[in-house]
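In the two complexes below, subunit A is the common chain; its partner is subunit B in one and subunit C in the other.
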Partner chain A sequence: MSERRYIDVFVDGLISYFDHLNESFGSSRSVISSSEHAQRSTQSVDLELGTPYLLKNEATIGMDFTGMITVSGSSVGTVFVSAPRALLKRILLSYGEAELRDELLRDLVGEIANTLAGNARRELGADFHISIPRVIQAPLNTKDYRLDQHCYLLPFRWRSSKAELIISVKDS
Partner chain B sequence: MKLMIVDDSLIIRNKINRTLLSRFSKVCRAENGQQAIDMATAERPNVVTMDLTMPEVDGVEAIEKIMAIAPETHILVISALADKATAIKALTLGAYGFLCKPFTERELSSAIERIIDIELCK
Partner chain C sequence: MFSTLFGKYRFLVISIALFLIFDLGVLVLNFYTSGKIAEQTELINSAARQRTLTQQMSKATLYIKSQKLQLWVYQSGLDELRDHYRTFGAALQAFNQGGTIVSPSTGLPISISAVSDPEGVAILSRANSLWSEFETAIEPLMIDTLVSDDEIRPASSFIAANNLKMFALMDELTEFFKATSERQTNLLRAAQVIGITLATINFFIILFHFLGQLRVRDQEIQLKQHESDQILSTINEGVFLLDRNMVMSGQHSKQLEKIFLTRKVSGRKFERFLARYFPQKTVNTALDFAKLYFRDHIDTALIEDVNPLKRVEAVITKKGGETETKYLDFSFAILSQDDARQVVLVTVRDVSAKILLEAQDQLNADELEQQMALLTQILPIPRTDLAAFIDDSRSGLDRINLLLKDTKQASGSYEAMLIRIARETHKLKGNASVLNFEMIAQGHHLFENTIEEISRQAKHRTLNGRDFLPLTMQLKQNFASLNLIEGVRDKLGDYVDTSLNHVTRGTPDNRLELSTKKSLDELAEQNPKWFELLAYTQKLAAQKGIAARLNLRGLNTPLNSQLSSELYLIAVQLLHNSLAHGLESEEQRLELKKPSLGEISVSISHDKRGNYRFLFEDDGRGFDYERIRSELVDRKLLDSREAKALGNTALVRYAFKDAISTQQNVDQTAGRGVGLALVWQQVKALNAKLKIRSVSNEFTQFIIDFSYSPSETSSEILDPPSESVLLAS
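And then the complex of A and B:
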């Protein structure tokens, strides 16, 4: 499977995640995209997708909180969802949480990563095995995670807050 | 009627609780499969919402054991694992339904209402 296909599958998952989030809370629907990826969907709300780009070796990535999923089975690699505190707090408020403490922000970023990776199995099948999410609360360097294949970063914004989806997956 | 919410995410447990609280006389919560098995044995919930990917004992094993302990329990799987094989496996083990994450309150309410209808017809 091509790297492009993996990116497409995870972008679909990202769009679906924010689509459901907004549907739960009755926002109006609009999509803004600087890449062709989002043009497949007109459902996502307040979500702006950037253009995926290839990360250089030993790049420092990540925002305040990063959810990491290790992939095994028919594919191998790692998927990260990284977001700043502000975006995660906005999502927590959308969930109806009154408390915005770090424990919940860590839980949320792990749950988002788990949801995107789990949803990828719709396209990639049950042999696309995913780990329980690990949460990192600091910037991280790609060399520390043995990302020995191409690693793509998709920047996105939700309600004006920036975040990153990082995909480093290949066929096993 | 008793509900047990099983998910390793506190946010998801809270979301399910907020959505369904008014429909049940008692709600208990477990954050992994082993807690769910222990709680199902002690509390005998009528309805269970069950995540699959959890530490220690996962949801699949928990479904198997809960169905062995209390086969009358209605289990609604709520999981991000969106492939057909996982859904079929959960249903084969005795789960009543499968709701894929992410889900809206409306989707969750609708799935639970169907289960409540069955419970009320007993």
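And then the complex of A and C:
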């Protein structure tokens, strides 16, 4: 299976998560173009995907909270979704949560990772195994996670808050 | 089986049999003696009754006598006497000869045996003798209902005189019976004590024997358990037993827990155990296959050959939720247990390391193949040049990655980013091409194709970050290719240097005007990277079907390495340009009455005060101004009127902008219009003046004048300004 397919599946999972989230805001689409974004900047609830780039495996990554899933089976690797407090708090507020404790933020980033994992499992079949998401509340050094020499970092933004999807998956 | 059991448990059977015999013996004796005692009791009672009867007969006789004297009725006394007489006589007879008497206690008839003991017989003998006298005296009273005084008086006198004798005899008899009964009771007690003692002794023998046996057996079992535990804890394979119901047995090897990272093995259903680690399909296959071993008439050797559970992939979840993939071999063997039950011994081997090693071997073989191919490319390159190439390439790729990272999400930013990335890539590709790194050059070429594809998409729709994913993926591939070269370089070590100089310097040279052996050696020594351009020119020219020769001047003395890199980049791009657009084919040149061999010259000179001139020229067809015009129109940058109005200098300026190329087809060296833009960027970086002279079908000359000291230059990427110092003639 191509590397592109893995990345697409995880990106689709991310879009899917924010699609559901945006439904609560009455927004119909997650991904919009920059020009559309400019037009709809007052709304600022949609997901914007930034330009993907490479991350060396000795880099320190991670925002305030990072959800990590490990992939095994026909493919091996690790996927991180890392977000700042601001983004997670906004998501919690969108769910109608009044409490914004770190514990809830941790749970939330785990839930996002879980959505990505579920989507990947559904799309890539039973031979693609995904671990239970782990949440890390500290910067991560990529070399601690046996990642590929270069992994992909796909920045994204939701309601002006930046976050990152980091993918290092390859065929086993 | 019975004999086996009897043999194994002989002691137990004998001991229990003895125990039963002792108990039964006591029971029988008890039963017998009890009967005897009961009989003896009856005898005692009967003898005691005889005593009473003696007294009563005396009393009845006296009663009759007194009643008769007073002329009163004496019939009841007579009846009583007669009754006592008969009872006494019958009992006495039974004592003597055996027979039936009426029990004194129950009133029922009982049989008694004749007294045989001599002591008893002696007593009875005396009693019989006396009783015969009693009979003689009493017998007349037994005949009629009326008795005469003559009949009662002697009888009464006799009984009065002898009844105490008879009483004493009967008392003696009673005591005799009592003594006999006591003896029997003592005998019974003794028999019971002996029997129970023997049975108890036997019981304790059994108990201690079996406790001993149990202790020995327990020790054996413990020893066996310990041995099997030791075996199971040290065995390097996962081993467990599977019963007919597909349930895993209590004992299993420690390794099994290590393989599956769980202790929950014993007593589990095989299916549920497997389902935690394997897809359902594999689980079903495993179950079906394991069940085959329990079928009758199955040749296990044959089915082992078709065992589908070889190298099956298991996904094991670790404590923290992380998963690990393992490759496992399952093998099965049928075993018969002591109780004739059959179980399957399942052995699980973790063959992950072997499989990974095989995969690694395959990977290594592929890598080796690639490395061997690279080796032929690397060997001719001096180590320092190779290092510089790797460093430059890595820096270039890093810069591209940085551009991707720092791009703002806006359409204008995307376009600007693509232009910058294209320039960087073209530079990298040029360097790779000169050094003959086909794989690297091809990677950059594909990268450029991707840039073009994204640029095309940008014309039709608004881009988003995801559109750049193919670019990032190709970038990763280019990093990987570079790593491969670096890996080969590291493995070669110093070998590169020694081999290279031999190869290059030993190359016969007929390409260079200044090509004396000495000059070539100096060039290769002082500026090996430039020296490589000679061969590269010939190679590229051959690929394009033209004949060309490169002349290098001013490069057989050392050149500042930073300056050398800057100028080298310009030279490579212009060289590509000349070979792609400038020089004609041999036929065309002959038609134009030019020498068939195209000449390209590069010279570097300076006035020793830091003022440099870099000159690049070829004797080709010159700038194709019409082609530039049509390209501008085709790309809708200008309309045809505007294009026509442009002078040559203005047209050349356009050529130095991005993506204007006069080559119709894109190939690995030219056609994207990036080369001249890159040259312009370098010229700006050097703060130089660029003059261009071009005469159609005669020559093109690029003159770059600049002042240089090592600290003045900057490698920053610059956009071409609208104003330029570019001069064309």
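Definition applied: the second predicted complex is superposed on the first by the 149 of 172 C-alpha atoms of A that agree within 3 Å, B and C clash if a C-alpha of one lies under 4 Å from a C-alpha of the other, contacts with A are read in each partner's own complex, and residues count from 1 in each chain.
Going forward, contacts are C-beta pairs under 8 Å (C-beta built on N, C-alpha and C of every residue); 3 or more make two chains touch, one makes a residue touch a chain.
Remember, predicted model here, so these are calculated numbers, not experimental data.
S.K.: Between subunit B and subunit C, which makes contact with more of the residues in subunit A?
M.R.: C
S.K.: Between subunit B and subunit C, whom does A:Leu104 touch in the aligned arrangement: first, second, both, or neither?
M.R.: The answer is first: A:Leu104 touches subunit B but not subunit C.
S.K.: Output check: A:Ala126 vs subunit B and subunit C. Expected answer is one of first, second, both, neither. What do you get?
M.R.: both
S.K.: Please indicate which partner A:Thr115 is in contact with in the superposed arrangement: first for subunit B, second for subunit C, both, or neither.
M.R.: first
S.K.: Applying the touch criterion given at the start, work out whether A:Tyr53 contacts subunit B, subunit C, both or neither, answering first, second, both or neither.
M.R.: second
S.K.: With both complexes overlaid on chain A, does A:Leu21 touch subunit B (first), subunit C (second), both or neither?
M.R.: Only subunit B; A:Leu21 stays clear of subunit C.
S.K.: Quick one: is A:Ala138 in contact with subunit B, with subunit C, with both, or with neither? Answer first, second, both or neither.
M.R.: neither
S.K.: Take the contacts of subunit A with subunit B and those with subunit C, and give the residues found in both.
M.R.: Comparing the two interfaces on subunit A, one with subunit B and one with subunit C, the shared residues are 126, 130, 132.
S.K.: Once bound in the complex, which stretches of subunit B touch subunit A?
M.R.: Touching subunit A from subunit B are residues 8-12, 14-15, 18, 53-55, 79-83, 85-86, 100-106.
S.K.: Provide the residue numbers of subunit A that touch subunit C in the complex, in ascending order.
M.R.: 3-4, 7, 11, 31-38, 48-54, 70-73, 76, 126-127, 129-134, 149-150, 152-157, 172
S.K.: In the complex of these two chains, what residues of subunit C are touching subunit A?
M.R.: Within the complex, subunit C touches subunit A at residues 279-280, 313, 315, 317, 320-325, 401-402, 404-405, 407, 409-411, 414, 417, 461-466, 468-470, 472-473, 475-476, 479-480, 483.
S.K.: Touching subunit B in the complex: which residues of subunit A?
M.R.: 16-17, 20-21, 23-24, 92, 95-97, 103-104, 107-108, 110-111, 114-122, 124-126, 128, 130, 132
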